[in-house]
Amino acid sequence: MTIGHRCWAIAEGYIPGDSFSEEPEFVSHETACILNAGGRDADIEITIYFEDREPCGPYRVSVPARRTVHLRFNDLEDPEPVPRDTDYASVIASTEPIVVQHTRLDSRHPNVALLSAMAHPVA
Amino acid sequence: MTIGHRCWAIAEGYIPGDSFSEEPEFVSHETACILNAGGRDADIEITIYFEDREPCGPYRVSVPARRTVHLRFNDLEDPEPVPRDTDYASVIASTEPIVVQHTRLDSRHPNVALLSAMAHPVA
Amino acid sequence: MTIGHRCWAIAEGYIPGDSFSEEPEFVSHETACILNAGGRDADIEITIYFEDREPCGPYRVSVPARRTVHLRFNDLEDPEPVPRDTDYASVIASTEPIVVQHTRLDSRHPNVALLSAMAHPVA
Amino acid sequence: MTIGHRCWAIAEGYIPGDSFSEEPEFVSHETACILNAGGRDADIEITIYFEDREPCGPYRVSVPARRTVHLRFNDLEDPEPVPRDTDYASVIASTEPIVVQHTRLDSRHPNVALLSAMAHPVA
């Protein structure tokens, strides 16, 4: 059984620039949770879209067979970091079927806020 | 590859009338995050549905090719502002394929609350 | 264009029994946001499923043409109220195509928490 | 009418290790809300995926006909507990059609945060 799709889109994207704590689990962040339940490693390319300039990418990440990677957009560095306090969106393309879910933890105030949505399966 | 659909629906809609802060990022708001990953500009019409009167619209917005717009329902003015503290829903129709995600930030209290859902792809 | 489906399912359901305030907008609640964007009134039947007893319903509600109803599960009374602090799920069947989104506001503490998900389109 | 699918995936997964309270309703938890609206009992197998080791499972649970089970990942014990403060993902396979929705309650701080997403229907 094939689990997932090879291309997903997330229209929401916003990393709050502030955090009440510097502990990694409490730093404001956005995550693309990627599940590769199949038997082959997945090579993944992420493109980031902005409001007022050309898209940026591809950012490359691998998710091995039968593994999940909860990728923080905060940690993307190459070709450039994802700017904070800036609206963006993303498209996630994979060589193998994957499942993608989007989560934000907003810790600008000490009681965190959370949101999550399954990404939109494109193809 | 075509990314998205030309019509989306969001059944939830409610802009809290209060906010603990007047800083734009902390004002209570609802957003339709729209991604146009394609090569042509998208002309978009939004219709707002209410509980007790005829729908309002179309509100018009453009999302250029390869851009995202995180449109705050708070900012819609023409043909009329979206009322606060009022239940509504929306249908978003585009000339080009787009992806739409719905987010609310509720800042009636100092620690914000968030919700998000991918819109429902209609056609 | 037909907007939506005639049957939707929500697997999550839980109305917290406590609220920090008795103002209606701050009472802990769960909502089925229903959009009927079509030209005919929709007659809707909701069935509630539980962990340890037979389902309850149908609860009946009408959503006129071109209207949205944000139906609080808290307000369902006939055939019986939905119990608080109890896990449940729901199936929402309509005579006309509708779109359904699920939202909870948890106000057991003064800073509310929110969650939302588009319901699952069944048919 | 068949309600749901026989296989679902949840790419997000993270049980916070801390909770401000030990009352069951306020312990930080993740839930797979499962609805079996059909007429036959569903035997379900859950597989948990990790970032750095082979998947774990199957965890087995039954959801009787016309019932919902809101299964806490916290409560899974066999073949082993789900580790806290650890990224994971899950695939939920059933002998009968079901609907699955994912919810987290994060109570590391006294004002809880919530997220929810419908799981991704695989097949």
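Labels for the chains are A, B, C and D, by order of writing; each one numbers its residues from 1.
Criterion: a contact is a pair of C-beta atoms (placed from the backbone, for glycine too) under 8 Å apart; a residue touches a chain by one contact, two chains touch by 3 or more.
Note that this is a predicted model, so its numbers are computed, not measured.
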Angle of the C-alpha superposing rotation, chain A to chain D, to the nearest 5 degrees: 90
Interface residue overlap between copies chain C and chain D, same or different (over half shared): different
Averaged-CA centre spacing for the pair chain C and chain B, given as whole angstrom: 21
Distance from chain C to chain A - Cα centre to Cα centre, in angstrom: 30
Interface hub residues of chain A, defined as touching at least two other chains: 110-111, 113-118
Residues of chain D touching chain A in the complex: 7, 9-14, 16, 47, 49-52, 54-55, 85, 87-89, 91, 102, 104, 106, 108-111, 113-120, 122-123
Sites on chain B touched by chain A in the complex: 1-4, 25, 31, 33-35, 37, 66-70, 99-101, 103, 110-118, 121
